[in-house]
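After this come two complexes, each holding subunit A, first together with subunit B and then together with subunit C.
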Partner chain A sequence: MSSILMHAPALVIALPLLTAFVTPVIGRFNRKTISWFVSFILGLTLLLIIFIANQVLTNGALIYVFGGTEAGLTLPSGYTVPIRIIFHIDGMGIFMGLITAVVSFLAAIYSISFMEQHSGLEKYYTLLLLLATGMFGMELTGDIFNFFVFLEIASIASVALISFRSTLAGEPAEAGFKYMVVSSISALMVLFAIGLFYGQYDVLNMATIASVMQFTQLDKIALVLLVSVLAMKAGSVPMHMWTPDAYSEAPAAITMVLVAASQASLYALFRTTFSLYNVTLNTVTVGWIIIILGILSMFIGVTMAIIQKDIKRLMAYHAISQTGYMLLGVGVGLAVLANPVALENFGIKAMEGGIFHIMNHAMYKGLLFLTAGALFYRTGTRDLNKMGGLANNMMYTTIFFIIGAAAIAGIPPFNGFASKLIIYESVYQFNPLLSIIAMLVSILTLASFVKVFHSAFLGPKLEQYKSVQEVPKSMVVAMATLACIIVFFGLFPDLIVKHIVHPAVMALINQTHYTATILGGI
Partner chain B sequence: MNIGLLETGSGYWNAIIWVLVTIIVGIGVLWLRNKGEGSYKKDTNQTKPFLSGNPEVSKEDSHVGASHIYWGFTEALKNYYEPLIKLHTGDINDYSGWIVLVMAIIFIIVGVS
Partner chain C sequence: MIGNFPFVAVVILIGLGIYTLIFKKNLIKIAIGITLIENGTNLFLITLGYRKGAIAPIYTQAPEGVKMVLPTPQALTLTSIVIGVATTALILSIAMILYQKYGTLNTDEIRRLRG
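Our next item is the complex of A and B:
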């Protein structure tokens, strides 16, 4: 058993990847077992990630070398840089891995009932597994070309999943096409940036690139390419317009995973600026670029959300708005990275707020999208104008929606409040105006979700929904799990910040440690 | 009491204490409520709204739809919303254009910094 667990980082990729190709075969014999089988595999993957997380958070960064026993093994010719694909799992990588594992597993559980009536289930689950594989790879790899490959796997699977319900007047297909175009642009730019690194430094290992980074003109070009396209993939304003299209048309469980996939791009943005470049770049300038993208995302996202009538488009604009908080928190950390006093006084806290918000957002936005899916499952519409009085018949969904809405609006004691409070207080010390804007956005977020709550859940039973019932158990279980996580994170935020978030932040800030983990063996 | 105590940068937050305080305040509110008007009777004329003598609109017809909520807010901010909505064309060419524009701006800023 221990010899198998030694290969846990490889298994996290191999298990969903191989299952993705086995799933259609199982589907040929017994269609109904696919959903349970995939849920079981993603559950196993979650356990593997928890095992790795325990190792990383106890013993420090984990290195897994494919085709070798240690990172220091080099070519017989004497070439002394890491030549193999290396998984470099530090606090930040495993933080993201945990989010992906939880979200993918719950998406599979939710889909058991949600997708039951749909045809092409084997394709759906194959794509879900490939999407999970791509996200895990993006978050765990220490090789920049390998990152590109996993980014592509995740993007292609996402395109197909967004377009999955192609029977709905072609809109999912259009959304999928739009996502394909923006993903292709981003992939091309990422590949170009990788080419610039490889052309200059002859290496693809991220820690090695970081150790020899000169911040030449070519490095500046690579930085701009990576920052802009990764911000776009994360849904940052003004490059956010694909987000409402993609999030609203994808099946609800997939939308939840897409939120986590966008956060994987956000992770890559932070990995680029902190681990690859760190203080070699002008941290104040790039930090402010990220802060401005964050402020724009927060404000434009929430104001666009308020006027939406489609529940999933409304929530998608809120996803953009919440991404702004993460960009703001981490952007402030980057802006003061070269100033040890400011970093110690409020920079680390701002980053903790931003990084904690990534996890919180994945949980409550995931829950909100699942409740939107539950409403669609029972009413057949996403139009808030056509809904009303559903709290009478869908008690559990209503409770879960209230928890999700309260969390996203930053109402205590839920998790969104904890991360937002850290952001408000630490960012205030950097620039009070930014903090005030963040608070204003929270108020508008609350207003927006009050509108959804009133439109969909309150009021008398409508004639057309008199026979509506609560959603099936698997959907309730997925939503209940997320609701419990939200409440737990809200009641005990100190545990999460101390044991998971702080190590993630320190892994980002401490570039010397990041490079030494790999190069120490060479 | 350190369980749940979160350091926020400028102070501390403890959700457990907040919940306990909320429960205590809630009990106080319920106690005050119970001290109120004792002659209140459910499902009588006392519970019906008085609309200047006009008949009450049925509950189904009185539900305010999503499009009508915050009408005043959006109307007051018309000058903000009109150009903002126009920017959201739904055209993939425009999406790509925004990426190029942002990239160009960041190029200039990083280039001169």
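Our next item is the complex of A and C:
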């Protein structure tokens, strides 16, 4: 048993990847069992991730080498080169892995009832598993070309899932086309940057590149390419045009996973700036660029959200706005990275806020998208003007919506408050104006969700929704799990920050540690 | 000087691809633009892997004293080409669905999602 668990990092990829191609075969014989089978496999993956997380958080970063024991290969001439593909799992990687595992497992549970009526279920689950594989790979890998491959797997799977409903209408295909163009350009630019690194340093291992980085003109070009395309994939403001379309047209469970997929790109952005470049770059300038991207995303996202009538489109704009908070927190940390006193005083705190917000956002935004999906499931519309009085018939959905909306607006007993408070406090010490803008955005968020709550749930019962019932059990279970996580994180934020978030932040800041774990034998 | 020609070709290919993406309104042409960028990137990788006078790294057939290339860039390019085929197929199939639903390939008319 223990010998199998030694290969847990490989199994995290292999299990969903192989299941993805077994699913259509099972679907041939029995259509009903696929959804349960896929949920079981993703649950198993979640357990594996928790096992790895436990190992990483107690023993430090984990290196898993594919097809060998050493990352390096010594040629007959005596030249040693780190050529093998490795998984380099540190605090930050496993932090993202945990989010991905929880989100994709709950998406599968939710889909049991949500997608029941659809045809082509086996294809849906194949793509969901491939998307999960791609995200895990992006987050755990230590090889930059491997990262590109998983990025492409995740984008192709998510494009196909966004346009999954295109047999009914043209809009899903339209959103899918936009996302496809965006993600193929980003992936190609990442590949070009990889070419620039390989041409100069002859290695593809991220830690090795980081240790030999000269910060030449070519490295600067690679930095610009990587930061801009990864910010685009994360849905930050000047490049956010795909986000509302893709999020609103995908099935609700997939939208939740897409949020986590955008965050995987955000993770790659942080990995590039912190682990790959770190203090070799001009951290103040790059930090401020990320802060400005964050402020713009926050403000433009929320102002666009207020005027929306489509419930999922509104939430998608809020997703852009919340991404701004993460960029702000981590950007402040990057801006003071070269200044040990400021880093100690508020830089680490700001990064903890930003990183903690990633996890919180995945949870409450997932919950909100699932409630939007529940409303769509029962009413058949996403237009807020056509809904009304649903609180009477859909009690659980209403409660979950209130929890999610309170969390995103940053109201105390929920998790959004915990991370936003850390961001406000620490960013205020860096620059008070940024903190004030962040608070203002939070108030606008609350205003917009009050509007949604009012038009969807309150008011008199409408004639056409007389017979509407609560959604099926599997959907309630998925939403309830997320709601429990939100309340738990809100009640015990210190526990989470100390045990999960702080190791993630330290893994990002401490570049020498990141490179040293790989280069031990080379 | 002549050794730098492939890099010039890379710049031209990627530049044409970006031009096509920005200024062309036909979905098929957008797909072509992406393919151009992809080919430019692949050419860039292949050019990086070229070593003058070196041979393919097959140990059993290597003559004494001849340099061998490290085959990593070729492997990368092969992977990238395979991924590119999948991407192009997906883009074209989505363009096909869009043509069925909207009756046009013009991006100005495929604009139901906005705001």
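We adopt the following convention: the second predicted complex is superposed on the first by the 515 of 522 C-alpha atoms of A that agree within 3 Å, B and C clash if a C-alpha of one lies under 4 Å from a C-alpha of the other, contacts with A are read in each partner's own complex, and residues count from 1 in each chain.
In this section, a residue touches a chain if its C-beta (ideal position, glycine included) is under 8 Å from a C-beta of that chain, and two chains touch if they have at least 3 such contacts.
Everything numeric here is computed off the predicted structure, so don't read it as measured data.
Visitor: Kindly classify A:Phe145 by the partners it touches after superposition: subunit B alone (first), subunit C alone (second), both, or neither?
Guide: After superposition on chain A, A:Phe145 lies in contact with subunit C alone.
Visitor: Scan A:Ile83 for contacts with subunit B and subunit C and give back first, second, both or neither.
Guide: The answer is second: A:Ile83 touches subunit C but not subunit B.
Visitor: Answer with first, second, both or neither: which of subunit B and subunit C does A:Phe400 touch in the superposed model?
Guide: A:Phe400 sits against neither subunit B nor subunit C.
Visitor: Return first, second, both or neither, reflecting whether A:Glu171 touches subunit B, subunit C, both chains, or no partner chain.
Guide: Second partner only.
Visitor: One more residue to check, A:Thr285. First (subunit B), second (subunit C), both or neither?
Guide: first
Visitor: With both structures superposed, pick whichever of subunit B and subunit C touches the larger number of subunit A residues.
Guide: After superposition, B is the partner touching more of subunit A.
Visitor: Which partner does A:Val227 contact after superposing on A: first (subunit B), second (subunit C), both, neither?
Guide: first
Visitor: May I ask you to decide whether A:Ile185 touches subunit B, subunit C, both, or neither, giving the answer as first, second, both or neither?
Guide: both
Visitor: Should A:Asp245 be classified as contacting the first partner (subunit B), the second (subunit C), both, or neither?
Guide: both
Visitor: Using the superposition on chain A described above, determine whether A:Ile156 touches subunit B (first), subunit C (second), both, or neither.
Guide: second
Visitor: On subunit A, what residues does subunit B touch that subunit C touches as well?
Guide: Of subunit A, residues 177, 181, 185, 245, 307 contact subunit B in one complex and subunit C in the other.
Visitor: For subunit A, which residues are in contact with subunit C within the complex?
Guide: Result: residues 81, 83, 145, 149, 152, 156, 159-160, 163, 166, 169-171, 173-177, 180-181, 184-185, 187-188, 191-192, 194-195, 198-199, 202, 204, 244-245, 248-249, 307-308, 313 of subunit A touch subunit C.
Visitor: Tell me, which parts of subunit B touch subunit A in their complex?
Guide: Residues of subunit B touching subunit A: 2-11, 13, 15-16, 18-19, 59-60, 63-67, 69-70, 73-74, 77, 80-81, 84-85, 87-88, 90, 92, 94-96, 98-99, 101-103, 106-107, 109-111, 113.
Visitor: Under the touch definition given earlier, write down the residues of subunit A that touch subunit B in their complex.
Guide: Against subunit B, subunit A makes touches at 177-178, 181-182, 185, 189, 220-221, 223-225, 227-229, 231-232, 238-239, 241-242, 245, 281-282, 285-286, 289, 300, 303-304, 306-307, 309, 346, 349-350, 353, 384-385, 387-389, 412-413, 417-418, 421-422, 425-426, 428-429, 447, 451-452, 454-455, 458-460, 462-463, 490-494, 497.
Visitor: Given the complex with subunit A, which residues does subunit C contribute to the contact?
Guide: 14, 21, 27, 30, 34, 37-38, 41, 44-45, 48, 70, 72-73, 76, 79-80, 83, 86-87, 90-91, 94-95, 97-98, 101-102, 110, 112-113, 115
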